[in-house]
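Data block below; observations after.
For clarity, chains are labelled A, B, C and D in written order, and residue numbers in each chain start from 1.
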Amino acid sequence: MSDKRKIVQVPIGPQHPALKEPESFMVDLRGEKIDAVRLRLGYNHRGIEKGCEQRTYVQDVYLVERICGICSTSHSTAFVQAVEEIAALEVPRRALYIRTIVAELERIHSHLLWLGVAGHEVGFDTLLMYSWRDREAVMDLLALLTGNRVNYGLNTIGGVRRDITPEEIPEILRVMDVLEERTKYYIKLGLEEETLIRRLAGVGKLSKEDAVSLGAVGPTARASGVDRDTRRDDPYAAYGEVSFKVVTDDHCDVYGRTLVRLGELMEAYSIVRQLVKNLPEGPITVKAPLRVPAGEAVSRYEAPRGEDVHYVQANGTDKPERVKVRAPTLANTQSVAKMLEDGYLADLPIVIAAIDPCFSCTDRTISVRDTARGTPQTLTWDELSRYGIDWHRRRGIDFSKVVLSGGARA
Amino acid sequence: MTAATALFQVLVFPGLVFLLGIGLAGEFVDRKLYARLQNRVGPPWFQPLADVLKLLGKEKVVPEEADRRIFTLAPIVALAAVAASFLYIPMWGPKPVLSFEGDLVVVLYLLLIPSLTFFLGGWYSRSIFSTLGAVRAITQVFAYEVPLLLALLAPALLAGTWSIAGMAAYYAAHPGYFLVNVPGLLVALVALLGKLERVPFDIPEAETEIVAGSFTEYSGRYLAFFRLAIDCEAIVCASLLAAVFLPFGLGLGPWIGFVLYLAKVLAIVAVLALLRTLFARLRLDQMVDFCFRVIAPIAFLQVVLNLVLKEFV
Amino acid sequence: MKTPRRRPGAMLQTLLRSLFRRPATTRYPYVPFVMPKGFRGPPRFHVEGCIGCQMCVRNCPARAITITKVGEKRFEATVDLGKCVYCGQCADSCPKKIIEMTSEFELAQIDKGKLRITYHAPAALPSPEGSAPAVPQPPSG
Amino acid sequence: MSEAEAVRAELEKRFPYLAGAVRVQRAKRLWVEVDQAHFAEVFEALSKKLGFTVLCTITGLDLGADLGFIYHLARPAGLMANVKTRAPKGKAIRSVSPLFPGGGIFERELIDLFGASVEGLPPGARYPLPDDWPEGEHPLLKDWQPTSAGTGEKGADRE
């Protein structure tokens, strides 16, 4: 048998249970071993960057917030920071503190979510159930503080929209205590559970050199010993006023990435406590102009998944000239192929999951439009179904020919 | 035994219908316990039945590329083999429906058939995920069958009989020897996780890797039969372990015996549920490694121990 | 901290303890779920105070709101909950503060048309059509 | 002298033509404007000699007759240098992937969304538009409107 015949091509995606979002990994398998991986991104391109140019700054805050469901406040903060820099707004300290508190709560929610997903990807659903149960605490807290569990709608240009009341503070501290204890348990579990360690350790290796040259960011980079964290290196919001440790690890594998995220959870609890303790008095917004003076700014933000970069160019009107978003996952996908080299198929889901991919963020940039007629249009379910069948028929696939047993018809 | 009673015994009680009933009950116990161990509520008692009924009513699609005959026969053969093997296992009385010297070997072979149908059904589905699942399933068979066979061989050697009823009778007469076979029981439980394709050995149907493995293309009635076969297989295997390793109370009359039998089987089902809650899924290479390096040697030592013991009794 | 002992089944204790604890699952919908105070549900327009400035329309990121003049100083507001992203910007933008974010969250509808909610201006005289109520019924289901 | 000022001085010393083209917007933000002819050497000096080892992203701009490119470089310790350059539409720019293997994806984005042409890019799938996206449609160009992709015959088959 020639070598070529031993290779089996497996399509992981665009639709696959391991991926929560559509992206395609074409995997060449040699037995259970991965021979090569080809990535195809872009299934989630929604035209958000273009959309931003056509909306006002006020509307854009909510649009960029919806780039991603998990790190929504990351994107909106990164965006408003850029606009505030252009408009030279002095954001009140209290607003910066509140932003930072919600940012860290978001990190907690994201990392706990990730822990569960990681558990699920290696078939450890019990871990998924427990960590997602605990994540509810922080979700409810976010709902209390901001008015929703996701897409918090917290930021506005020039500050935040909602204050933290004195009654809410004990609740924040209570949730931090509960979660800190739970996180300690997960750290202990991560160091003890044999089957979990066996599935995580040594899997998805990414050396420090590769992490640097492929531009990895966030926990993915830090688990390969790259000591970078925008919160410390280019402080924004209130990060200059709190003390925290940048968690790094030199396992350079999925296990290291797990430990880094668990470590960051512990840091996040301490950051939130410091911020709540020192929450300054004062207003929460300054008046922002409708028309932003011409100028440009780059804003960097350490999202739970890594560094988020927003570039905004203003042209003096109430709409931006250009908004550019670089989500952390786009930087990290470059290293996935490297991590998968010589790995097992069984490890593929966890290796992909370990960068905590968010392909919606990555692709950003649909209103449903009927491109043939050029008008926005809404289809009913029946129309959509008929449309789908016609679409396939035009391409020579006729569902009436599909063999179905029993009396069922296509 | 008249033809009518034989037919009743094979098809209804304690045959197929009864087996399906406790199979679904077993699935409920497994799922409920799994949920409660995870601090969830879990399904209501009728959920397994509702799932099966729903599947029976669903459209069944056979892929165009699949080998139609094998694809449709595989689930039925799986269920038939499991139901047939059930008849040889003594449950609450000392005597099963059918019994002869050497039926242990027949039962073990019959119980191998479902795993083979997973392979055949998956392989002839012709889809990439099914094929991968099929190959994984058959690889896994080679890994867990060795320790499982050795673990069941050991008590048979000590009892000096190849009939399950004979073994049950022997251990009922000598209850002390139960303790000798405890390592074998543990090995058999772990191997069962492999046979039933459960975490940590659910490699052939690992959702996040290969969708549903062999079952990816299955739907409707065929999938329902496969699921029933797996539910029943769990019960048959648990009954087999109960008969071989836990032969208590066989002479206490039908009623107490029946309750005791259910308790034993459900206890084994519960232990299996606990085990699948505890671990992360292993990789195929790790699983094979574990079976051959850890549990097969333990099973082998059990065989040696029982052989030596046999010489001294 | 002592070196942890690596072993399979490290969660055993926790799992067994869970057996004797109440499940964490909320028994929704049998037990109703209440959103915290300040939850941003669908906006409700108290149109009697509307001055027709269109600020909410202009700032709505989803373009879900329309305000129509139906008479002298009388306006009616329509919000499409199928488009609304529940950000609450309209409530912030409204100079008269007549938009209130309700805490309703069970909004699923089979009929898309029911997601378009119109708040009719209070009639000076009995409304000629008199069809839709001034305040919509909470969506059923 | 602050870190950013030091880099400005160093750049102006190395490349006299950059006098006045380097702007310090704030402590951690440096903007460098350089024409296409000198871009390669300035970019290489920044990334190789001056420690800007991180390429955050590349922003494309539609400047009418030209396309603008902003290369967002950063030092691991936080200082950011945004290198701006421009090239007439249709003229190819050199790929930065020899210096930053992870940078290719940002250039693919420029190709799809702005119609830029990039030389020296390793083979790979397009990003982020679909494979059957019509030729010559580049959504982030200013004259492109969301509806224009499908109005003519060529877009009619795109679903």
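Criterion: contacts are C-beta pairs under 8 Å (C-beta built on N, C-alpha and C of every residue); 3 or more make two chains touch, one makes a residue touch a chain.
Predicted, not measured: the structure shown is a model, and the values here were computed from it.
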Chain pair with the higher count of C-beta pairs in contact (A-D, A-C): A-D
Using mean CA coordinates as chain centres, what's the chain A-chain D distance in Å? 24
Using Cα averages as centroids, what's the distance between chain C and chain D in whole Å? 42
Using mean CA coordinates as chain centres, what's the gap between chain B and chain D in Å? 62
For chain A, write out the residues touching at least two other chains, lowest number first. 126-127, 130, 133, 193, 195
Touching two or more other chains - residue numbers and ranges from chain C: 8-9, 11, 15, 24
Chain-chain contacts, ordered by label, are A-B, A-C, A-D, B-C
Residues of chain D that touch chain A when the two form their complex: 25-26, 28-29, 53-57, 59-61, 70, 72, 74, 76-78, 80, 82, 100-106, 113, 125-130, 139-140, 144, 146-151, 155-156, 158-159
What does chain C use to touch chain B in their complex? 8-9, 11-12, 15-16, 18-19, 21, 23-25, 27
Using the touch definition up top, name the residues of chain A that touch chain C in the complex. 55-56, 58-63, 65-66, 126-127, 130, 133, 136, 140, 143-144, 147-148, 151, 153, 156, 161-162, 185, 188-189, 191-195, 197, 378, 380
As the complex stands, chain A meets chain B at residues 8-11, 16-18, 29, 32, 119-127, 129-130, 133, 193, 195-196, 198-199, 344-349, 402-406, 408
List of chain B residues in touch with chain C within their complex: 33, 35-42, 274, 277-279
